[in-house]
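Take a look at the structures listed below.
Paired with chain B in one complex and with chain C in the other, chain A is shared by the two complexes that follow.
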Partner chain A sequence: MSYAVETRDLSRVFAGKKKRRFRRPKENEEHLGPVTALDGVSIQIREGELFGMLGPNGAGKTTLIKILATLLLPTSGQAFVAGHDVAKDPFPIRQRINMVSGGETSGYGLLTARENVWMFSQFYGVPSKVSKGRIDELMHTFGLWDKRDAKVRMLSTGQRQKMNMIRGFVTDPDILFLDEPTLGLDVNAARVIREYVMNWVRTQGGKTVLLTSHYMAEADQMCDRIAIIDNGKILACDTPENLKRMIRTETTFRLEVDSIRDTTSFTAMAGVKNFSHKDDISKNRSFLTFILEDEGPVAEILSTITSQGKKVHSLQKSEPTLEDVFISMVGRGFE
Partner chain B sequence: MSAGTVRRTDLRYRIALNLRAVVGRSYPRIIGANREPSWIFFEGLLPLLGIAAYVFIYQSFGARALEAAAGDPAAQAAIKANTNALVASVVLGGTMVAFWLNVLWSMASQLYWEKEIGNLQLYMMAPMNRMALLGGMAVGGMFMTSVRAVSTLVAGIVVFGVVFQVADPLMLLAVFFVALTALYGLGMMFASLYLLWGREAWNLSALMEEPIFFSSGFYFPVGGLFRVPGWGPVVAILGSFVPATFGLDALRQLTLSRTAFGGQLWIFDVKTELYILVFMAVLFLILARYSLRYLELLAKREGKLTSRHQ
Partner chain C sequence: MNTFWRTFKVAAWLGWEMDSNWTEPWLFIVYSVVKPVAGAFILVLMYTVFAIIGSRQDPAAFSYMYVGNSFFIFVGSVLFGTFQVIQSDREWYQTIRYVYMAPISYYVYIVGRAVSKIGVAAFAVAITLVFGVYFLGVQVHMTLAAVPLFLAATALGLAVLLAIGICLGGVSFLTAKHTHGLAEGIPGIFYVFCGVLFPLSVLPDWGVAVGRAIPLTYWFDLTRRLLSPTLGVETTLSGYSDLAILALLLVSSVAFFGLSLLIFKTGEYFARKAGKIDMTTSY
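Showing the complex of A and B:
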């Protein structure tokens, strides 16, 4: 079976900072050795699939996308896009792909939104007439029509990201890489983008999207399958439902308590498979998520908290989310 | 891959793709020139002040020489002709300065800038040839700078009353465009080096500003350096690696006549200089192509096509 994207034992190591001959190294600088961004990643993404890559910052998501977009060479292993090797045969790949990243500042501030997108379409050889027709259609779809002739430097972050999305679609790619496309966007702008991407994959036939995100709900809502990545390694890869089913035998409890510092006792507690801990300093509260083998340890957890003189504000047993899957596998949350 | 759009790869398609890419990349520069009218002040009027300094020095020398040659009409005519030739050399040099600065700061350092603002990865991910990208930058830069250079030239003629005598306009055009091609070819070659050196290459641009103004003879006929014993010829030869040197020398010969300055301050005749410029243009374009290909590979290996924060 041929895949839209396939990687085999893909690794990427970034060299550490070189020592400067004539400059005294700054504090900690000598410790910056090689960084393994990807470590033996093997995935297969089918044609027509909306595939998610979920992981915290620094997990290796962007590195993987850059290798697949022919911008970076792997240190070892192989990556194929549309059946072509990214290292040996980039031209046919480049004809078929496009990429949009969150927080992108590409383009020229002097040009209008329309001109900017047109310019990028020329690098893919899209005839001007075709390009302008697509741009107008996409500007309407993304709600950017009113700003079509506004200079890029006058656009808000959300409008600019919509323009970037239009740039991604205007070349009619077969495979689209979306690297945190809704990063920093308001709810409405993010919704417009999510809906368009999902609709595009469902209706166009044969179009593939690789989406990276650290927004759990976004990946859960959009993706057919999700790979969970951390420290450059794929920890699990399945449909969102199956991933959640993996820990359904376990029980998830969420607690909101007075700010708690010492959580070491939870680690050793029998029946606690994993837990994560977030603080909200402004409210002086801590949010604890426990993945438990069963409900047995709940009483002990509560007594441990109250014995520290802390108040429990809420206790909630919940259905597992993708974040719970991640916590269950890694032993910490995304934040 | 079975589904998806069938993509063409034939030669005709590739030519169309790269021509579109050239047009696309030149567009912001051509349009940008009109959208930022502040250039009239910063790049049209301010450079005239630099030119004026040289012009006034040459004119004061000429006035003193005229006083000394009072009563000798033949000598006075020769002094006036030489003063006009010197002032015209400065105006022509000032015009070419615009191109050299454009090559340094808008060609050589452009890929580094593109990387910083996040465009470079989008360029490198596109199927166009990288030379089409640089070609678009060069075409746009030439257009934008030509507008500015012509305005400097016209202002120079009007303000300083310079008289040009163009005997062979076709040759003049040929020398001008070949010199520009060689100059932008050099810029394209530097662009790939800057891609790898990044911010450190900034110093190189600064280094290549004033010293090149001098060694290429932007404000005086460079042949004069050969008459300076010792270091003069060395500086002139080093300066000759920049196409602007031969380009300016040939342009001055074509606009002032070969007999200006008694025919003593030219390097070679115009035809020889044109051949050298053609050779430089071809050489720099070929070197640009290969260095860009090599350095792109190196940058992909070292992860330097994208900024750290992207």
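Showing the complex of A and C:
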């Protein structure tokens, strides 16, 4: 079977910073050795699939996309896009792909939004008339129609991001890489993008999307399958339902308590499989998520918290989310 | 070929928009005329200083430096413009990853972007020369018969300039943006060793050797011979015929084109290997 995207034991190591002979190194600079961004990643993405790559910042998601988009060479292993090796045969890959990275403000400031997108479509050989029609349609869809003739330098960050989404779709790629596409967007804009992407994959036939995200709900809602990645390694790869089913025998409890510093006692507690801890300093609260083998340890957890003089504000038993899957696997949350 | 032409056309359009679209059209035209005229006054000042120091006036020497400096506008503009494409797309506009991963020839893209620089520079050169001839008494007497040779020399000179610019571009794939000093320093070397301001004959032997190794020397010499044949300034290339110099220019153009391909492809490969294609250096 041929895949839209396939990687085989793909690794990428970035060289560390060299010591400067004539400059005193900054405080933590001396310790910057080689960084392994991807470590033996093997995935297969089928044609027509909306595939998610879920992981915290620095997990290796962007590095993988850069390799697949022919911007970066792997250190070892192989990656194939549309059946072509990214290292040896990038040109036919480039004819069939496009990429959009969220949270960046790229664009030629002196051109209008429409000109910017049109120019990129011309690089892909889209006939000018077809391109202009698509741009108008996409500008309407993404809510950028009113700004179509505004210079890019006058657009807000969110508007630029929408423009870049249009740039990604205007070439009608067979394979689209979306790297955190809704990062920094308002709720409405993010929803429009999510719905458009899902609809595009479902209705166009044969279109493939590789989406990276650290928003669990987004990946859960959009993706046919999800790979969970951390420290450059794929920890699990399955449908969202199957991933959550992996920990369905376990119980997830969420607690909101007064800010708590010492959480070491929880890790050693019998029946606690894993837990994560987030602080909201402004509210002086801590949010704890426990993955438990059963409900047995709940009383001990509550007593440990109250014995520290902390108040429990809420306790909630919940259905497992993808983040719980991640916590269950690596013992910490995404942030 | 279709890919190359498509790339060239769109890149040239983009370059022109970037060079001309920063203000109102009328202001752009005024700027395009006033800037070279202001540059001409700097040349007058330089010549006046030379004349005072040397205690003599030499109209031929003034014409020599004026014509040389007029054509040197191409060097600064095209070299810096070519070199700057990668740096600006990477650091300022942050578009390089999307341009690079498009199904185009990035080499041709850079050439296309530089074309508008050539257009803007050509206008500035023309304004400078016209102003010099009508207001400063610069000696320009090109015959009609010399026009084809002049056009060929200009095309080859610009080709060499583009090739050198792309060599620098290949290097800039791997360097941080503060190295734009490279694109400013190299024209400085050309200014001294290529007979722009003064003939090669005033340089020591090693300086003459350096000058003769740079193809732009032949371009400037041939251009000056064709535009101002009556100057009679000894440039150390008097022994060569016009056609011989054109042949030297042609050979060096081909050699520099090959060199630029090699350096560009090498720089591109190592940048892709090191993950530097779309790096931002934040200096």
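List of remarks:
Everything that follows uses one rule, which is that the second predicted complex is superposed on the first by the 335 of 335 C-alpha atoms of A that agree within 3 Å, B and C clash if a C-alpha of one lies under 4 Å from a C-alpha of the other, contacts with A are read in each partner's own complex, and residues count from 1 in each chain.
Going forward, a contact is a pair of C-beta atoms (placed from the backbone, for glycine too) under 8 Å apart; a residue touches a chain by one contact, two chains touch by 3 or more.
Everything numeric in this text was worked out from a predicted model, so none of it was measured.
If you put the two complexes together on chain A, you find that chain B and chain C bump into each other.
Contacts of A:Ser2 after superposition on the shared chain: chain B is touched, whereas chain C is not. Once the two complexes are overlaid on the shared chain, A:Gly48 sits against chain B while remaining clear of chain C.
Look at A:Ser106: by the touch rule set out above, it reaches both chain B and chain C.
Of the two partner chains, chain B is the only one that A:Asp172 touches; chain C does not reach it. By the document's definition of touching, both partners, chain B and chain C, reach A:Gly125. Set side by side, chain B and chain C differ in how many residues of chain A they touch, and the one touching more is B. When the two complexes are overlaid on their common chain A, residue A:Ala69 makes contact with chain B and with chain C alike.
When both complexes are overlaid on chain A, the residue A:Asp89 reaches neither chain B nor chain C. When both complexes are overlaid on chain A, the residue A:Glu137 reaches neither chain B nor chain C.
Residues 14-15, 66, 69-73, 91, 94-95, 97, 99, 101, 104-108, 110-111, 115, 119-120, 122-125, 167 of chain A contact both chain B in one complex and chain C in the other. Residues 2, 4, 14-15, 47-48, 62, 66, 69-73, 82-83, 91-92, 94-99, 101, 104-108, 110-111, 115, 118-128, 167, 172, 174-175, 205-207 of chain A are the ones touching chain B in the complex.
Across the complex, chain B meets chain A through its residues 1-5, 7, 9, 13, 16-17, 20-21, 23-25, 27-28, 31-32, 35-36, 117-119, 121-128, 133, 297, 300-303, 305-306, 310. Across the complex, chain A is touched by residues 2-3, 6-7, 9-10, 13-14, 17-18, 21-22, 93-95, 97-104, 272-275, 277-278 of chain C. Taken together, the chain A residues at the contact with chain C in this complex read 14-15, 66, 69-73, 91, 94-95, 97, 99, 101, 104-111, 115, 119-120, 122-125, 167.
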